[in-house]
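Paired with chain B in one complex and with chain C in the other, chain A is shared by the two complexes that follow.
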Partner chain A sequence: MNQGPLIFLGVFFALALSWFGLVFEPQLQLGNAQQATNVVNPTQLYPQMRPGQARQGLDVYRSLGCAACHSQQVGQTGRTYDVTLTDAGTNRAEVIAALLKVKPGSNTAEVEKLAAGPMPQTILKNVPRAVADAAVAKLEPTGAKAEVKIIPTGPDITRGWGKRRSVAEDFLFDQPVMLGSQRAGPDLADVGSRLPDANWHLLHLYNPQILLKKSVMPPYRFLFEKRKVGREPAPEALKFSGEFAPERGYEIVPTDNARQLVAYLLSLRADAVIFETPITVARPPAASTNAPAAAATNAPAK
Partner chain B sequence: MVLFAFAAVWLVAASVFGLITSLKFHAPNLLAACPWFTYGRVQPAQLNALVYGFAAQAALGAALWMIARLGRTPLLQPGYIVLGAILWNLGVKIGVFGILIGDTTGYEWLEMPRYASPILFLAYSMIGIPALLTFHHRREPTLYVSQWFLLAALFWFPWIYSTAHLLLVFFPVRGVLQAVVDWWFIGNLTTIWFGFIGLAAIFYFLPRLTERPLHSNYLALVAFWTLALFGGWGGIQHGAPLPAWMPSLSTVFTVLTVVPLIAIAINFKKTFAGASANLKENLPLRFVAFGAVAYLLAGALNIADSLPQVNQVTRFTFFTSARTQLFLYGFFGMTMLGAIYYIVPQLIQKDWPSGALFRLHFRGAVFGIIVCVVSLLLGGVVQGMSLNNANVPFADVTKSSLHFLRMSTLGDLGIAIGNFALALNFGWLLVRCCRECCVPIVAAAAKLETAEVAR
Partner chain C sequence: MNPDVNPSRTRQEAEPTSGSAQAPVWLFVLVAVLAFWGMGFLDNYGGGFDPRVYEPYSARTEVERDQPSTRGRERFNAGRLAFLQYCAPCHMETGLGNPANNVPPLVHSEWALAEPPNRLIRIVLNGLRGPVKVDGKDFNSDGMLPWRDTITDDEIIARILTYVRGNGEWGHNASEITAEQVARIRDETKARAVQWTVDELLKVSEK
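Presenting the complex of A and B:
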């Protein structure tokens, strides 16, 4: 039986196929990804490198194995659409007539208030795409301007873990990337914008049960130093309320590692609006609908 | 032999770590003052001790035995193999220690720091090359299906291990590609490497222990080729921040593994049919048969879990841990333990000193694995359902799976007791053997290994 080399080659190709598919090919597609102006707001580069202290914090995060319980990826299961009026135009009577048609079950007084109020005003909430488009089509001939907003939905987003799903760009500069595979703790992809208070994080690391009674997270007291209060209490010492404070004459001071870790947590923000996750439906040729909401309101009416 | 002895020790170490991790969920304050034993470090330490300490060493030991036996030839270069085994253990020790002091790489299943992995790689080549040489010098020209599996596995490990380490640790790729490489490695290490060596062992020991020929060689080869083609693609998560074609491709290929799974199931069943009377008195067979059933279950779960609808619920839960547990302990561990219980007495020509410990191990392991896997599976589903229901506050999500976690701690305890029984039995055997031979353990084992295999 002298098929040895043939079998060997066959097996080799069979196995190497998955290497081509899942190592080589993704590398061709994403391996040279760059920081880019892939953001809807074109003056901004995304993603930004994390600041130095946060990068050191990434190492603390890795070293302590935080990823064993915390994922860093927000999922999205669907989307709904809102319609907002960005400019009521000048032909008030027609706009009001159109609004009455678009907004089922509304009366004239309500609609007048909408048209007169500060822009933008939300007209329809959580509607399918077709309904939203039809509403815009009815409003535009009257000279008013309306916008269809994309609202990501899903349990992660409802929980407030992020405003949109995570995309590949969010992780461009991290090493290692720790997407996580277990949610014994909440997702942290956007924790920096959800919980922006550094002191909260320090207290929570010192003893999670102070802030969240039911938490199963272990305390990380070894990231803190307990020491005698000197002539004056240290400015960076933790501020306790009630039973959890150390005995009189002592204070709890975060170590460098604790501060780096918190800096990293605060740097975890996945809220930039980029083209993969737009928040408004882009409609050529109107450039203004392509811009984020804040910019759209300031744009002059054409 | 040396590999098996070390494997037994690591198995015990892994179960101790496993117990610590499992207890942490009930009492988060346990060992909280010591950074070495924080959950995020003990959990990967446990996994690595199990995967590289126990499973990989048992795999290499069983592979060497089968290659020598099926080729009717003595092992070549046993000196290098023993040296390689010692080196491998050094590597695992340094690696697990590195994880505990916080030098983990942060990639799942590859947590061992950069100063440990080259040692493992070197040790592997010191064991793998003599194995290939032995295969080359075989006296039995006809190839049995187990040899196909073994050969493919021996070649594939260095490829995936070096690819993963080079692309993640030494020359890291950008961004989320790291996650893709990591998942590819995990999928290949389990499905291809452990899967192939475990299947080789089942295809070898099942006919041998039941004293019946393998039902169909062709079906086994069909399983081999289809698994080689489809098996290495699994594990890319749906909903991960990746281009959508990657998880889709992964699902398609994972669903295709239903073909080898059915082929293997038919083959096992037909080979085994009617041998149940044998099962009572033949303990190694019981281990191997349990492993075979666990393989089929794990394969089915793997396919189910690759479907986006299922994965949406299970992806961040203990369901994943249950699948790992079922595959590593239920299938691979049990098969290897059956092999160890069969091979070791033949190697040193002495029976196991204690039949009671032997039976205790089997019962402890079966009880532990079933309790652990079932409770984690159920716990995972409950956890996933409440995670996906945004009306359940997050603190209650973890609480909802806590009962199941308590059950699984009980299972871990069962497994640990069983493993202690093995270690005790093994130690007893070695002590008895050494007292008679009056030579150091390693030398004796090495000599006996060559002498026995040469016979």
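Presenting the complex of A and C:
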């Protein structure tokens, strides 16, 4: 029986369909992605190209196989909302009446304390969007100002690995994208804002157990150079304390690769607020008084 | 009995032939039900195949409704552009200054974050020269420009300072500065024509 054409067609359509769904369609959807504007500050574009040293660091990250143990994708499974009172207004009686209605199971004394306390005050915690919106709608006509806070939730966010989920935009300028698939170590999508100290990263690369006793990460000592101290210790030499320090007269200096890798790690920040991932970020507190107050409390040291 | 006949051959089963049998109806029903369920699942959780809708959102309207409000951030937001225009040439967009040229950083600067900001506003209006200690490091500036006559709009100075003081990316969270605060200090120091020095600033008695 000559089933050749039939088999050919079957294989052709199976491959064509998967190419269509897995390659062509995503390319149509995301292929022409551009920098997005930051939602809370429209004058900022996100993402920015990584600085040159960090871009070289991506290659180091890739060549050392960091992606075998570290992912760069924060998941988010849900969201919850808080309602905060940002301004109690002037009509105290009405605000308190509205607060009593909004906050179930509260008494007048509690609510009065809320309205008098320093702003912002959290009124409702972990409520669905509809409840939060209803609360704001009840409070605003009284002259008070209330705000709905959007809080992403999920196991990764609980672990502190990110403030929000990762989205395609975060990887716009990376080639290749170091998504990773295994998590022998923590997720690094937002490590730059989690651990912003370059020295910490250098020490951690030299020997992770200096900083984290239980770490299973291998030391990357070959990224550092051990050499005799010259006339003066090098300013970039690692500063040790205790048993991990090299013997007297020697110092540990990071190589270019170590510095590039750290620059890359510090550039990993997924905290911008863009359309796809709305979160509420802190905003500058309002001016305390209309006019400058008395003597500076935070006087600079002489 | 014929000895030529191999007994094993006679017991061999007949050659299989292809025929047809009816597929069970329940299989088709199951496939139909699964397809229907899959369609419903995609409808509910697929975000309408919108590339900008991610879990946990299931529709673009939901994402749109969740966009955070920019209320109360107008001055801060506007401040960024003014900062880039007037301050970033020396203090850099990152606010880290240019220590090689004696330009102190704004990030974590106790002068910028001081509460109340009286001295900060004076520095911007008249400039600063001489030795100054910022964030634990010593700088000896030849002179920061006075902006009194260049930026005549108090609101713009208020925006810039609000941006510098409230910039979360730099780890700042100091209070907003209003145009009234700037106007008041501009008026108080209108007789002054020279830059401040640190000693003079520390003597400023704030009212």
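Keep this in mind: the second predicted complex is superposed on the first by the 257 of 302 C-alpha atoms of A that agree within 3 Å, B and C clash if a C-alpha of one lies under 4 Å from a C-alpha of the other, contacts with A are read in each partner's own complex, and residues count from 1 in each chain.
The rule we apply is simple: a residue touches a chain if its C-beta (ideal position, glycine included) is under 8 Å from a C-beta of that chain, and two chains touch if they have at least 3 such contacts.
The model shown is predicted, which means the values in this text are computed figures rather than measured ones.
In the superposition on chain A, A:43 makes contact with chain C only, while chain B stays out of contact range.
After overlaying the two complexes on the shared chain, residue contacts for A:30 are found with chain B and with chain C alike. When the shared chain is aligned, chain B comes close enough to touch A:218, but chain C does not. Look at A:77: by the touch rule set out above, it reaches both chain B and chain C.
When the two complexes are overlaid on their common chain A, residue A:116 makes contact with neither chain B nor chain C.
In the superposed model, A:179 lies in contact with chain B only, and not with chain C.
In the superposition on chain A, A:9 makes contact with neither chain B nor chain C. Of the two partners chain B and chain C, more residues of chain A are touched by B.
Residue contacts after overlaying the shared chain place A:137 against neither chain B nor chain C.
Shared contact residues of chain A, touching chain B in one structure and chain C in the other: 29-30, 75, 77, 165, 167-168. Note for the complex: chain B touches chain A at residues 24-25, 28-30, 32-35, 38-41, 43-44, 102-108, 141-143, 148, 151-152, 155-156, 159, 163, 167-168, 172-181, 183-184, 187-188, 192, 225, 228-229, 231-233, 236-237, 239-243, 246, 249-250, 253, 312, 315-318, 320-321, 383, 387-390, 394-399, 402.
Contact residues on chain A toward chain B in their complex (touch as defined above): 1, 7-8, 10-12, 14-19, 21-23, 26-27, 29-33, 62-69, 71, 73, 75, 77, 155, 158-159, 165-186, 208, 212-222.
If you check the complex, the residues on chain C that touch chain A are 49, 51-56, 63, 65-73, 76-78, 80-81, 110-111, 113-119, 121, 133, 162, 165-166, 168, 173-178, 180-181, 184-185, 198, 202, 205-207. Those residues of chain A lying in contact with chain C across their complex are 29-30, 39-44, 75-79, 86, 129, 147, 150, 165, 167-168, 273, 275-302.
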